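In this document, chain identifiers A, B and C correspond to the written order of the chains, with residue numbering beginning at 1 in each.
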Amino acid sequence: MTLLSVTDLCVTLDTPDGPAPILQDVSFELAAGQSLGIVGESGCGKSMTALALMGLLPAQARVAGEIEFEGENLLALPEAQLCNIRGRRLAMVFQEPMTALNPVKTIGFQVAEGLRWHLGLSRGAAEARAVKLLARVGLPQPRFSPDLYPHQLSGGQRQRVVIAMALACEPALLIADEPTTALDVTSQAAILDLLAEVTEAAGLALLLITHDLAVVWQNTARMLVMYAGRVVERGATPAVFERMAHPYTRGLFAASPGALEAALPAGRRLATIPGQVPDPRHRPAGCVFAGRCPRVQDDCLPAQPAERALDAAHGVACLHPCLEEEGVP
Amino acid sequence: MSELGRSEPAAVWREYWTRGRGSAAFVFGLGVTALLIAVALVSLVWTPHPIDAIDIPNRMQPPSADHWLGTDLYGRDVLSRLMAGAVNSIAVSLVAVGIGAGLGVPLGALAAARRGLVEEVVMRFNDFTFAFPALLSAVMITAVLGPGAINSIIAIGIFNIPVFARLTRGASLSLWKRDFVLAARVAGKGRTRITVEHILPNIASLLIVQMTIQFALAILAEAGLSYLGLGTQPPAPSWGKMLNEAQTLMSLAPHLAIFPGLAIMVTVLGLNLLGDGLRDLLDPRLRRQR
Amino acid sequence: MALFLLQRLTALVVTLLVASLVVFLVMEVLPGDPAAVMLGINARPDTLAALRQQMGLDLPAAQRYVLWLGGLASGDLGTSYTYGVSVWELVRERLGLSLPLALIAICLSTALAIPLGVLAAARRGRAADAGVMGFTQLGIAIPNFWFAILLILLFGVHWQILPAGGFAGWEAGAWPALKTLILPAVALALPQAAILARVTRSSVLETLGEDFVRTARAKGLTRSAALWRHAVRNALIPVVTIMGLQFSFLLAGTIIIENVFYLPGLGRLVFQAIAQHDLIVVKDLVMLLAAAVVVVNFLVDLAYAVIDPRLRGGRSYE
């Protein structure tokens, strides 16, 4: 059953120098209980996608398209009804646990707040539930009293609090925007394990946004690769990794350190993708990646290539996709 | 400011002018300030009537064609005295802010350059002067030295020292950590030379903005002191003193209480808007956001 | 918490000592002969000698300073030369007016400034914001004594609904006394409210940009719930600082405003003591006012600890 269906989502930011298209024609679907990864460089529109889903885009952003969640178009809903969905059916974990929590409120209060707001629980009942939620994310009493303040916890522990907050009202979809980027390596693995465990236990769909291919590989069933506000490749995670049809995906893979390094043939060095993501206000007419693409040809320049299916589980927006045998550049 | 060095100065000023014109508040502030200075300068050579011309039969007249803003208790022309009062306000405030910046900026720069004990002493001194608002220190000083324009300058000036010391220290501290200062230190330049060559030019715009705002505050403080009779002494015209005289005549000649206050308010408003406008123009961080 | 308290208390005592030393130096050592200042140049030698003895000027300065400090600590502020009564008596009498006046002014300015500041921040860039900002620009620029004169002109002279000056005294009943304090309190509060509203606005705007406000919105809180529950309390920290600093301006303001309205308060007492060259009273009052400012700022430091739990473990400099 389709839980979330995004169709032709476009976001334009009004800047003093004119409108800047941040997202262009982004479409994807997510079934209940499934996991989807969105990967790309910083500035490619991943976080904007998350904020658009939550309805928390900055005031100067204009949105077009459709976001259908549990049968309702979120973009057409009035703010009051959106507030009813946010935090209750649709929850989010943020990148920066150091700043995502209010420094002057106890963690117990912050976890309980959503329960009191949405479910109308009394203060006592909500705080009792908060204690259970904290224990579930690995912050058991008495060591982690709900009366602690965020500054008394480490980064990893704070991210656990943020996850407990997101889980509080038993949502159907959890959006995790770079949930481990700000953490040290040991906490990263533990937080990802925790996310996998709680989403599975609750039958919760997960939208995992990251720049790290290894995180997508380990934690998601399907994935999107985004570049300059567009989806350039999509498919089942193993299929995408097997072929890496878009030259950008290959570049991203070649440039990623960490767990993927083991998969690289000996002697192969980490590469960087030459050039920069084009400024949203001055994007070239043709394929958005053309300026940096090692395989660029004349027919790439007139227009953005449409997405086409390589097989049932794999699509790419490229006129000259790489073949599997070519290997990583 | 460091960005300024890269482009041609004339072009930079032209850019400031173009952008400054776009802000109504800035234009208003600049206009009022320019008008104030012009009026003060004109009053040095010409006023509609001599400022001390006593004319008892025509005292406390409402505004008329001859006396645009009326006459005071002694029949003196209010407009002429207002114009001459501008000189007094500007002179007292200018010297007071000069004292504050002249002592505060070196102190703050010293604290930032030396750190340690020097900084601690300077900052403690600062904290402490904040316990004495300008008026309280003025009260203390006038109690001992007697009232007068000079003493009110000293009192307002002293209160301005910690404001500039604090600002200079704060802004310099972050500069001392920057690479170009580090490079100068590696090149063997002394702390004083670095302060003069690199630190001060970089915080100049900040200081100019603060001076504008302190100037406005000084005008308010001077008016308050003269109103109390602790500042400029009669017969020299001053806006605060004029209000004091007007208060006793309030039911007879309310216009006397209106114009000096209006002059103070418009002046302070203009200076504050000028300061805000300058800050927006000169702050490179804001510039990039625009 | 104990360490934090101890640190702040030490700083408080040191600041008070330094302040007292400065006041003493300026008022007793700098003039050379304070008795001569008090009596003027035409004083008769025997009167001068008598006053010198009454002020203890034959003792060395250091000893006089210690005696004065001891007097301050034990509540013995000396005897006013012009009034012939103990300074403490004078202060207590005047405090009955100045303290309520200051409190009413603080309450007024806070009650006006914080909602206005929050409103302006919540409606940034819209008409309400522009209106509040325009009002604050005027409020900052208007000299408080002129504003007071305008209030008297309007309410006292023109409409005659509130007294134009003077103090009814508390023995006349609470309402008549309060009625005489309304205009002075408004005149004192307006410039303070203007500054406070600006600080509140920028502080709330800054806090609204914080991640935790977005987190609160992600929980489903409405815009205004996130604003009031999460942004405002955090934004109050700088606002409380400014309120502490403003207290000293409020005291300075009472010196002027009490004169505008002919109110027999502490501010007017300072002014009268200067006019009469009563250095004993001026010295004690300046010290008391400075001490009040220092103590209020100490209390503000404590208030931080209540608002911000991060500070309870001790506070770093800068």
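Everything below uses one rule, namely that a contact is a pair of C-beta atoms (placed from the backbone, for glycine too) under 8 Å apart; a residue touches a chain by one contact, two chains touch by 3 or more.
A quick note: this is a predicted structure, and the numbers were derived from the prediction, not measured.
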{"item": "Count of contact steps on the shortest path from chain B to chain C", "value": "1"}
{"item": "Chain pair whose interface holds the most contacting C-beta pairs", "value": "B-C"}
{"item": "Distance-maximising chain from chain C - centres being C-alpha averages", "value": "A"}
{"item": "Distance between the centres, which are taken as Cα means, of chain C and chain B, whole angstrom", "value": "23"}
{"item": "Mean-CA-position distance for chain B and chain A (Å)", "value": "53"}
{"item": "Per-residue overlap in chain A, given as positions that touch at least 2 other chains", "value": "none"}
{"item": "Footprint of chain C on chain A - complex, ascending", "value": "54, 56, 79-80, 83-88, 91-92, 94, 96, 99-105, 113-114, 117-118, 149, 151, 162, 165-166, 169"}
{"item": "Residues of chain C defined as touching chain B within the complex", "value": "15, 18-19, 22-23, 26-27, 30-31, 37, 137-138, 140-147, 149-150, 152-153, 157, 245, 248-249, 251-252, 255-256, 259-260, 270-271, 273-274, 277, 279, 282, 286, 289-290, 293-294, 297"}
{"item": "Complex interface listing, chain C residues touching chain A", "value": "210-212, 214-223, 225, 229-230, 233-234, 307-310"}
{"item": "Residues of chain B that touch chain C when the two form their complex", "value": "124, 127-128, 130-136, 139-144, 216, 220, 223-224, 227-228, 230, 240, 243, 246-247, 250-251, 254, 257, 260-261, 264-266, 268-269, 272-273"}
